[in-house]
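Read through the structures below before going on.
Below are two complexes that have subunit A in common, paired first with subunit B and then with subunit C.
Now for the complex of A and B:
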């Protein structure tokens, strides 16, 4: 100890030690974030810039020989595209149904499995399972489930209604898709809510109950306000996911065409990104499709900014965010 | 270290990160294969190119072959990334567009010097791979069918006819399309709201609906498009309107699989399950038409006629082309040539999964079982009607018409739009796509 106090002041002045510490911290910081940063730059930033540039061209994705700058033409065309408007309307409708219902279900599940009940871990696992099932497998499960000929839904309802035969994917495709989406996302949202619930100090609830609050009042005035940051997070991510829906409606289309050019979902499930996919991969309009997707980004950004602005009124962080 | 400042460290870290970012990007800009690397990337259907084929071709060409499963989305993505496969699988409808967009290599010089693929020996279906800038079937060869079939032939499931008390059609006298529609309505059957038999299923769940229409129209020397392919012409052409109306009526009759009465399976599987009375599919399907359920109850029938001038060409002409961007065209051709004319081609001919692409291999098609003999008898009559070409539009992708058809058929069948509006929508959408294509490649 004595030796150390003798050596340090001679070789490394205090300021230099601070500088080296700072350098070490900087290097450590950049090393730790580099995997994410590299992934972001390679898989997000560069494609985003590429797609933005592409949206001002006539790029067909096939041959650079014919590449030409078209200015804002693609954006002007998108704004007058009746199919894009229809698809955006359907997408917003789906979002308005799926996001609130999904949030309520996720919160309800989280409240349920947060209770000190037997097998709560088993329930958590079961509820979380759909979230980790690959989307393709999830869709096929639902297709089998609602198949008009041998599906479980019609078979079960057929027990009480012998002539019952509903073609769910034809007559109610958006209803099935909404259920599938809510089912698939419930586990992920539940886990986030659960983490939020377990982060609320028990003393708050106990103090309220000592003061005579009922369970409902505790939930209403203690739990929910303290959960608002989590609700806000799930709300924003839910909206973003709902607006970008593509794979589920395509795979849910009757037949086995899958995610291929030529797959056309039922008109009710003709969503915005489905339209962009068809423009890009069926019609080879990569430039126009990119413009459509950048417009969607603007919608997502607008909604997110709006939510952030309203969050000041209803999201309680405890400390300044 | 004493001379190292924080700024320098940050610059160094930034440079390192930039190098790490740039390296894979630069690498990605380079094709995975380079000239003379000895590797050929082939995008094809793994069901049509098994591991034995790969080993055979690798031994014959001394090249390494990498298979990428065939998928249009993947193909377009690989092209967009500047790294297309050396050889890729296509269907006839896409060929004019691929050639017009300079995506495929002119193989005429290679065919001229080939000992395996002689021009005189090429089956007529290979004409789908010729394009002179204006017409399919004229000009140089850009590819070849792996095999093909007269695709407008019919398969009848006799049990469905027995159930309906209807006589199975003759396998020597072709039906007219009107007779076919009447027959389809008779054998079409539902029970308690559930499907028992679809009467007449065709056009691969409408994915090939334009090809069916084009072949019907060609009997009257008509086309879906104007001569220069600059417009689709349905409402302005009474003959085209009649054909589209006929195909629409089949859907409205409920005898075909449609967006409002779909099947969860593809039509080949439904026939195997005994759920289709009449299926329009090519000769290749005879290799699998007889399942446990349909064995001994399947009859192969000649193609129907629309106007009494029978035509039974292939509408798929599935085959291979060589990418114009390949770094080693000779290597790509070597694999192509062996697959089309070597042992894999002979194996395919013997399997019965299509009429061979070379006439010299026709005799190797199987004719052992009673069904195979009956199929061959009908097929021989159809081969004389198969020397026709469908003129696909070079400005649009092979799915453009079908996508528009499927998108608009649902509201039309639900009564949300009229037939006239249905046609107008298709015309507007396809004409927009044609205009886009013309703007891109000129013309």
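Now for the complex of A and C:
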């Protein structure tokens, strides 16, 4: 007891000092993050609340005089909007093609350039380049590449098949768009896979090979399971990007006078966010368009949550080496 | 590479298996870019008639610069991209440092918010921002990019947080004993050692503005807009016919600086991503 009474007076000021220190630390923390916090409140939180309120109005982007609260009308209309349903169907189709194909390609590229091969840095650069090429340039590159008159694709196919004349952007616009997006995204995914591959300790593979495992077995049973967190990351980001596709289909118009953002893309490339964009910026239906976008957000969120739930079954978070 | 892998070498068939697919893939990836360069060097009369140029038409590049007021729009792009990248990197580093090194109630939840803003579809956020900027009279100005820069980028904040979290804490303690405040520790200890993260995020921030078409198309005027918006239009001859060859020369000039830079900095970028962001 005597010891305790002796200790007490000493601990209280120390605790007090710790508490003050904690307050000071908290103030420092909030000061340090204040630019982001301020920006988040002014440029994200308030606009998001505004957008949500806007989706229950008939706002036209200009005039506040006619602003009217329309309740859930916009949402009811969106659910019955045939164009929106069609566009959502096209978007899901594009996603179901581009995401798996892209993922397999990215992984294959990473495995290939991770081998001990000559010029591996040159190969990496070539695969990475399309990822840094801006969208306007990428669309131009593919437009000219598949152009019926000056493009390489038809010229090459024309050697094999006489009178070959497919107008790719008119007849198969979604096919060209899929190639463009897979080509453009591959390098980014590859680099993330490479980072993952280099995070796997070489001893794991060596141990398996000494035990007599073949190259394929090492890839299948050692590398792939340890890569599942990276696969998961690329899968989620790939889906989020694919569902929001807008600029590429807007710009990939069949016209010859440039990339015509004013025109509606061909019906095949009429994707969900394209529809929302046209409702908002062409038809000035800011309220209705916002409702369309919130519904998309709900779909994106739902899919992400679903993926995170299934991830428990197949994503292997290994122990840190 | 590892010893066990190195020992199993290498018949011609194995070499073929190792190099065949990667060479084929590289050709497939490079062909569209190669074709851009080929087209940019043709005579306009050769477009659609000759596969390759008979004489390389470097004059197309001069025309591309003259006919589109290229320098003006390139300057706009350069100014806007640099200003945004500079602000966004500095602010994101500061905020990332805060998240990595200073604890406070609510820190975890706030960091979740950083990640969450990353997931909101672009347009969901942009439409109300557009309305806001229009109401404040900030359309047709570069203010939106300045404001975006000043509030940092979620991607870069995440990158810096991960990067700074791996720094040894003893550094801070030593500096604190010497009487340095958090800002000085950040500027004199963290920033000088954050080379890879600064480079990787600066490049991506710069590239985002340089490559973006949507926001300048919606927010800026024809005369103060960026090169991306200008390049979306084809070059035309006086009769209004498209000049595909000159257009491709213009597009090449628009991307060549990036390509040259990335070919040069490729190793550095990959290392930056490996050491900072997502580890397997």
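Throughout what follows, the second predicted complex is superposed on the first by the 264 of 321 C-alpha atoms of A that agree within 3 Å, B and C clash if a C-alpha of one lies under 4 Å from a C-alpha of the other, contacts with A are read in each partner's own complex, and residues count from 1 in each chain.
Convention: contacts are C-beta pairs under 8 Å (C-beta built on N, C-alpha and C of every residue); 3 or more make two chains touch, one makes a residue touch a chain.
Because the structure is a prediction, the values reported are computed rather than measured.
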item	value
Subunit B versus subunit C as contact partner of A:149, first or second or both or neither	both
First (subunit B), second (subunit C), both or neither touched by A:17	neither
Which superposed partner A:38 touches (first subunit B, second subunit C, both, neither)	both
First (subunit B), second (subunit C), both or neither touched by A:244	second
First (subunit B), second (subunit C), both or neither touched by A:76	neither
Subunit B versus subunit C as contact partner of A:60, first or second or both or neither	first
Subunit B versus subunit C as contact partner of A:306, first or second or both or neither	neither
Subunit A residues touched by each partner, larger count belonging to subunit B or subunit C	C
First (subunit B), second (subunit C), both or neither touched by A:264	first
Subunit B versus subunit C as contact partner of A:140, first or second or both or neither	second
Overlap of subunit C and subunit B interfaces on subunit A (superposed complexes)	26, 30, 37-38, 42, 46, 61, 147, 149, 256-257, 259, 261, 280-281, 286
Touch list for subunit A against partner subunit B, complex	16, 19-20, 22-23, 26-27, 30, 34, 37-38, 41-42, 46, 58, 60-66, 143, 147-149, 163, 165, 167, 169-170, 254-257, 259-262, 264, 266-267, 270, 278, 280-286, 288
Residue ranges of subunit B touching subunit A (in the complex, touch as defined)	1-2, 4-6, 9-10, 13, 17, 20-21, 24-25, 71-73, 76-77, 79-80, 82, 101-103, 192-195, 205, 207, 257, 259-266, 396-397, 399-400, 402-403, 406-407, 410-411, 433, 436, 439-442
For the subunit A and subunit C complex, residues of the former touching the latter	25-26, 28-33, 35-40, 42-44, 46-48, 50-51, 54, 59, 61, 108-109, 112-113, 115-117, 121, 123-130, 132-137, 140-142, 144-145, 147, 149-152, 155, 183, 186, 191-192, 194-200, 202, 205-206, 209-210, 215, 226-227, 229-230, 233, 240, 243-244, 246-247, 251, 256-259, 261, 273, 276-277, 280-281, 286, 289-290, 293-294, 296-297, 300-301, 304
Subunit C residues touching subunit A - in the complex, by the definition given at the top	1-6, 8, 18-19, 21-22, 25-26, 29-33, 35-36, 38-39, 47-48, 51, 91-92, 94-95, 97-99, 102-105, 107, 110, 113-114, 117, 119-125, 127-129, 131-132, 134, 147-148, 150-152, 157, 182, 186, 207, 210-214, 217-218, 228-229, 231-234, 236, 242, 244, 247-248, 251, 254-255, 258-259, 262-263, 266-267, 269-270, 273-274, 277-280
